[in-house]
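Below, chain A partners chain B and then partners chain C, in two separate complexes.
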Partner chain A sequence: MNETTEPPAVKLTGLTKSFGANRVVQPLDLEIRQGEFFSILGPSGCGKTTLMRMITGFETPTGGSVELDGKNVDAVSTKSRDLNMLFQSYALFPHLSVYENVAFELRVRRTAKREIDTRVREALELVRLGAFAERKPAELSGGQRQRVALARAVVGRPAVVLLDEPLGALDQKLRKEMQFELKRMQREVGITFIYVTHDQEEALTMSDRIAVMSEGRVLQVASPTEIYDEPASRFVATFIGSCNILDGVVDAEGRGVVVPGVGAVPALVPATAVPGSGVALAIRPERVSMRALGAAAPADGVRATLVERAFLGDEWTFHVRLETGAVMTVSVPSGEIAAELGAIADGADVLLSWSAAAARVLPAEAAVTAASPASATSALKGAAA
Partner chain B sequence: MERLNSWIARLVFVFLYLPIAALIVYSFNSSEVSYRFDGFTFRWYAELFRDQMLLESLRTSALVGVIAAVLATVIGFLSAFALVRLRVKGRAFFVGAILIPLIVPEIVLGVSLLTVFSSAGLPTGIVTLVLGHVVITLPLATLVLMGAMSSLDPSLSEAATDLGASPWVTFRRVLFPLLRPSILAAFLLSFTTSFSNIVISTFTAGVGTTTLPLRIYSTLRTGLTPELNALGTLLVVATLGVILLVGVAQMRRILAGPRP
Partner chain C sequence: MVDVNTPRTSRAAGYLMLLPAVAVITLLVIVPMVVIARDSFAVSDPLGGNLGGFTLDNYAKLLDPVYAKTLGYSLGMAALNAAVCTVVGYIVAYYIATRPAKTQPVLLVLVIIPFLTDFLVRTFAWITLLGSGGPFISLLRLLGVEAQSLVPSQLAVTLSLLYAFLPVAVFPIYASMRSIDPSLKEAAADLGAGWWQTHARIFVPLSASGLASSVMLTFVPTLGVFVIPVLLGGGKDPLVGNLIVTLFTEFRNEPLGAALSMVVLVLMLLSVAAAGLILRARSGSARAGRSRSPKKASAV
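And then the complex of A and B:
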């Protein structure tokens, strides 16, 4: 099939959902491509689960429409939609063996017996559980149950599989392994995956593209690197990874940014910026460099005081307080930490610097000043995430 | 202290089972009077099976019990499903309405049932007995099934729907197998409640449809006959039989659980 004429796997147009007076999903448009690993990422309560349930048909939208593979499915019930879901609780049938769980859909759809056997065995091989066919779900570990649920979701070869925070119940180590496993399996079966999660690391690791949601709106749809390096809004910048936010004003020439109480700071100002308008600067902690403030202080840097430090294994995190009172986070890979940096005592004055390219200029959104507690807490929150 | 406890426990067991043991022993007593044990006999069992009136009552009770229990279980299942799974408006009201017969004195229910039946021109008989018994067994069946259903993960039926199952297939392949023990429990509880009921039956039984408890109660006037001991013994044996059957099936399932 020609790439350009291929209809999107899922197309949402003006899709919205209200429960009573409470609008959970604001009208939104979204296109998910065939064969894509697409993540919907957002904090709990952002509407991502409701959005997913509208795609499956479990929830009826208040407005808008859902298209699967170019066909409108608004009038099609869940059981006839060509998609399967992997539930957060796995929802394996406890009275059936692993084999029968996986075979369920094929039996319901009256597939020929021989074909059922071949396809169930194939699906179990895909998730590497061939030897466990006769077990009951209760006799499996959490990770194995998850694989059975995945095998059950793909055995009928649906066009789309939706995964609802499937790794939430697993421990940290297993979760990391499963992230790569899921990606591998998705590539093997070539089915479009829609992965719903609140975990930004999962989304970054596995996705081809990510939609970031907040308060019922899709804020940005882009690849993981784009989402991380070029966040479109303050929310995206602080929700994905940790990020320092400084509120400032575009200078009179429209070429730099002035942070009140700090002065001019390096920033890459887009040509469209209006001189004198308020903006938010987003700077990743790993792109800030820090050194001790010597007796002869160079002018090119932002003065701050080192408040505290934490060792996280792979990196050191420093919290520094600007003269305005705002707190910024600086992180340095632990392998590269210079003796000079290690020698700086807590409470000592430091000098921060970053390249213009590292400071992304974002719309100011809510008008807050650099010294406001909001920006300090968001910087701290980002560091904690 | 521990010895005292264990003695109390033993006494409780004696207190619980002494009447049943006495019932069984005296059912084989050849004496006409119950305070003297004269020797072993099967005479009362023979007389029991010749007592057409008593057997007729047993049949009535069994029939009413089975029909009422089936109705209560089916209606109870549907009510429980609606109340637990569907977003029913006025859910709290319906739960209360279904459970109210549990707290209304049976004598009041009996009187009001009789009033309704006579004003509707419905003659007392099997039908009125069944209807009366459904009123008191339905709350029990609903409660048992509501408990079982709310402990079931709601995404199980969603998963079945997602995998292409119609509501009926979802019920047959997923919900029913998982709820089978509770459905059985609801049925048995309803049956025994109906089978042993006296108050409602007093008001709803008609001529020729006297239930077993009513018949036994009426013989009190002429004095209990040893024949009743024989009947009681047979009922105890039947009950134990059901418990064993259900219990063995459960045990087998538990033992068969971890297959290699």
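And then the complex of A and C:
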């Protein structure tokens, strides 16, 4: 695909929305490429659903414009926009069979009968529901209904399909299966998918690119690995996966970071960092290594006390308290846990270390405070799920 | 199962509590109906006296073109009124059902309020509204249109019938429309359906049960209306209801009036049965999805 000549599938310019005095979407610019699996990720109430509804035309923007495939659609109603939506509730027509649900758009658009049949069968094959054509939505399981909704959304071959938290109503196991299914189907049909979710795992698994939103703003647009490894802000670092955040100050030479009460710690300081300025260090729990502070001479590292541990199946999570009182999380894959580590008793002193590359220096912003600073609870990745 | 006595005593108590209702229905509905049914086969003397006995003459007399014409006209008016009420009721119900949740009850109360006033009073109100000194005619004259009083007229009858039965149409339609997932409307728009297609393909089929109830609840009582045609139609085009009143009171021919009443009753029962059959067929096919799932079909 040649991205320089092809107009973006969706281009938002200065798009903003207020409900009364409440501005839910701050003016934002965004470009979504053709054929991309693009996720809009953010906590509930961050404006992602409103943003999506402005793209579909269900909501009229307070300002800014929407372009689809290079054409401005501000004056085009939902029914004439070349996009379809997969609703959170699926919004299947209860009085119509699976077949008629999928055929709905083609019938409305007065497609020839024979073509309707071919395309509906194709779409049902895509979602593997060919045998269920005559059923009513009420006779399907949640996962099957979702597939029908997807078939209905793609059967008209729109340029863009928007998916509004479609996996929310499914159980955990089915959700994981559907993540891969959705990705497969998106590749097969080659339609641009815009996937709206609050679930960071879903976004990471499926997306080509992710836009992280908070309080009506897009904070970062990047690939899943970039979002995870190189978060641009404290909010992104803590919202995607779990992350330890240490507040520190860039040292006089501008090469290292000093955490008050702990001392100099390894960190990859960007060349642009201003010596003496306050920064936040973001360190992923799995990139911290922990050793018992034994009789051996204390090597380079940060001293801490092991507070508690939790077994999560695929990994062990340790909570340690630094001398400053700050709590950090360390995680170790359960298969790789060393006997030495297992032998450390709760309350024992430990030594933490990490490579400079693992500690990302972020601006010590106070602007986005939606996420509490990486607390021990938010770091307990997956424990709640 | 565990305690055999309690259900038995409570069942007896249940019957006891049903007694007042059964008594009321028996005395006020069943007994008069039996009397009317009996009278419809009675012999009448030339002065209208009820002589008893058994004859089919009364029913035979109803075949007279005068009566048949009124019956046909009534059925036509009832059908027209049911259609107009259901269409207008659909529009009103859709409007109410798509308002914010907080305003819906207010609008529903507004629909009911006129219903709390006496039927006769409301009908008289229409005479004032459409009469020569009323606001409607005054407005027309103000606009330079030379208009006479609209009472009595066919239009006044139609309007007044609509007004009288609209709430009866709005409620069942609103009830079935309220259970429609609002995202279906967006889904239809998203899939390219315009206003007409959205209603024809989604909202009308999904509120079919409410529409059928509305047709039935407006058609059947319209057959029995007798005040409106007299007051607003000048009695020129009587409905069956008027005819029955006339037969009983002016002609003093009770057996003939009773026979006509029985005919209307049978027509009403037939229309209710027809509506019931249509509804059952619809909901049956809606739930069972063409014989595929017998388990769920039985859950109706």
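As a convention for this text, the second predicted complex is superposed on the first by the 360 of 385 C-alpha atoms of A that agree within 3 Å, B and C clash if a C-alpha of one lies under 4 Å from a C-alpha of the other, contacts with A are read in each partner's own complex, and residues count from 1 in each chain.
In this section, a contact is a pair of C-beta atoms (placed from the backbone, for glycine too) under 8 Å apart; a residue touches a chain by one contact, two chains touch by 3 or more.
Only a predicted model underlies this, so the values are computations on that prediction, with no experimental measurement involved.
Peer 1: Give one word, clash or fit, describing how chain B and chain C relate on chain A after superposing.
Peer 2: Once chain A is superposed (C-alpha atoms), there is a clash between chain B and chain C.
Peer 1: Contacts for A:Phe311 in the overlay, against chain B (first) and chain C (second): which applies, first, second, both or neither?
Peer 2: neither
Peer 1: Look at A:Arg135 in the shared chain and tell me whether it touches chain B only, chain C only, both, or neither; answer first, second, both or neither.
Peer 2: both
Peer 1: Would you check which partner chain A:Phe58 touches, where first means chain B only, second means chain C only, and both and neither mean what they say?
Peer 2: In the superposition, A:Phe58 touches chain B and chain C alike.
Peer 1: Applying the document's definition of touch, where does A:His95 land relative to chain B and chain C: first, second, both, or neither?
Peer 2: Both partners, chain B and chain C.
Peer 1: So, does A:Phe104 touch the first partner chain B, the second partner chain C, both, or neither?
Peer 2: A:Phe104 sits against chain B and chain C alike.
Peer 1: Jot down the residues of chain A that show up as touching in both complexes, chain B in one and chain C in the other.
Peer 2: Shared contact residues on chain A: 56, 58, 78-80, 84-85, 87, 89, 91, 93-95, 104-105, 108-109, 134-136, 138-139, 152, 156.
Peer 1: Touching residues of chain C toward chain A in the complex: what are they?
Peer 2: Residues 181, 183-184, 186-194, 197, 201-202, 205-206, 286-287, 289-290, 292-293, 296 of chain C touch chain A in their complex.
Peer 1: State the interface residues of chain A toward chain B in the complex, per the touch definition above.
Peer 2: 56, 58, 78-80, 84-85, 87-89, 91, 93-95, 104-105, 108-109, 134-136, 138-139, 152, 156
Peer 1: Which residues of chain B touch chain A in their complex?
Peer 2: 153, 155-156, 158-166, 169, 173-174, 177-178, 257-260
Peer 1: Using the touch definition up top, name the residues of chain A that touch chain C in the complex.
Peer 2: Residue list for chain A touching chain C: 56, 58, 77-80, 83-85, 87, 89, 91-95, 97, 104-105, 107-109, 134-136, 138-139, 152, 156.
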